[in-house]
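Chain IDs A, B, C, D and E follow the sequence of writing; residue 1 opens each chain.
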């Protein structure tokens, strides 16, 4: 699961029929170490709002999150983060281990 | 799902037989934060045209979008984007969170 | 499997129901050659603690590690590393092979 | 599907038994926007030759292309490209959209 | 399949039970075009030794290579490379095609 922030919505009238009725949100990866996180689209199953930090799953797991295997979804928001507790010292330490 | 723009077509006479009759389009990732988006090939199931912005799914989900599991496709266009509404402030904010 | 270090915890009250009761930990990739390893969230099935180096699996394999296929998890901690024995000469040698 | 060029062959005497009899080719990603495309190994099911541009599928889809699910293959050449028609203006335009 | 070199071993006493008895090796991607190849852990099914160049599969295919689907493995060594024959001219040519 990756840590993202919800930054918007996307609408598509012409779409594969299994996508009908799904709430599609634009999310952006945060807490990553790339210059900038990826931006992509995920189906929401937990009622997330713009601005919230969320947990996002990908691939076949996203279909499991939506409860049916024949759906054309490969990314889903599965949790709204209350607290993220990271040991910043360890974070830096492990940065040093990386060569 | 990632956000792409359709930029062309590809033709292959010699191909795995399950690909027969599929419309294969060249797409390019947009709304990404890489220096430049990836270019790849996706099967179209929604009648997308060159120039349109589309939603693209990957992996086993692409086979679900095409409605059969034994097809040699790992990328599919599943929606044509009407509106993409992104909070640019949040986008920048989350960029600052990234270190 | 990738080599990570556990660096924290994450809590989410509103979440997809299959995630209830799972211990979700923040992990960071180490022993990678990127400028800095990725940070993401994995379900723990081996009782790992913050600071430990662990083996992490992704995708459909993470669901296998949790013993059920309908769970909304795409990353799991499956082992706590006792010893990591790497031939540093070979490591450098293979770096030279890369062009 | 990604666009690759066949650049060589690989031979392995000691191998997992499901790989016996497969033609394994070295391919290199082209039409990408990275500094340089990835080089990897794919099983060929369409009779591709060194120098040809091909379509390559990955993951579980590669096993579908080979027609059996229990094979130890995660990458397969599924088409030989005759024509690749890309709107270079659009390509550049979408590059500008990327920030 | 990617081309790697075996560079070490990893031991884990506390691990998910399906990993018992597996030989886990540290491998490093070679013949890539990144500044440096990734280092990760793969289960060995062909008796590879440290220093050898091997073929590595990922994802659900790794479980196929191990012959059972319920195993917590997402990366497996499936062949020991005897000969790798790459057309270096083509390799450079395709580098020029990449923009």
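In this section, contacts are C-beta pairs under 8 Å (C-beta built on N, C-alpha and C of every residue); 3 or more make two chains touch, one makes a residue touch a chain.
Every value quoted in this text rests on a predicted model; they were computed, and no experiment measured them.
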Given that chain B and chain E share one sequence, their CA atoms superpose after a rotation (degrees, nearest 5) of 145
CA centre of chain A versus CA centre of chain E: separation in Å?
28
Chain centre separation (chain D, chain E; CA means) in Å
17
Going by residue number, chain C touches two or more other chains at 31-33, 59-60, 62
What is the shape of the graph in which nodes denote protein chains and edges denote touching chain pairs (line, ring, star, complete, other)?
ring
Circular arrangement of chains, read from chain B onward through chain D:
B, D, E, C, A
Once bound in the complex, which stretches of chain C touch chain E?
1-3, 31-33, 45-47, 55, 57-62, 64-65, 76, 78-87, 90-91, 93-95, 97-99
Going by the contact rule set out above, which residues of chain A touch chain B in the complex?
5, 7-16, 18-19, 24, 26, 28-42, 50-51, 59-60, 62-63, 69-75
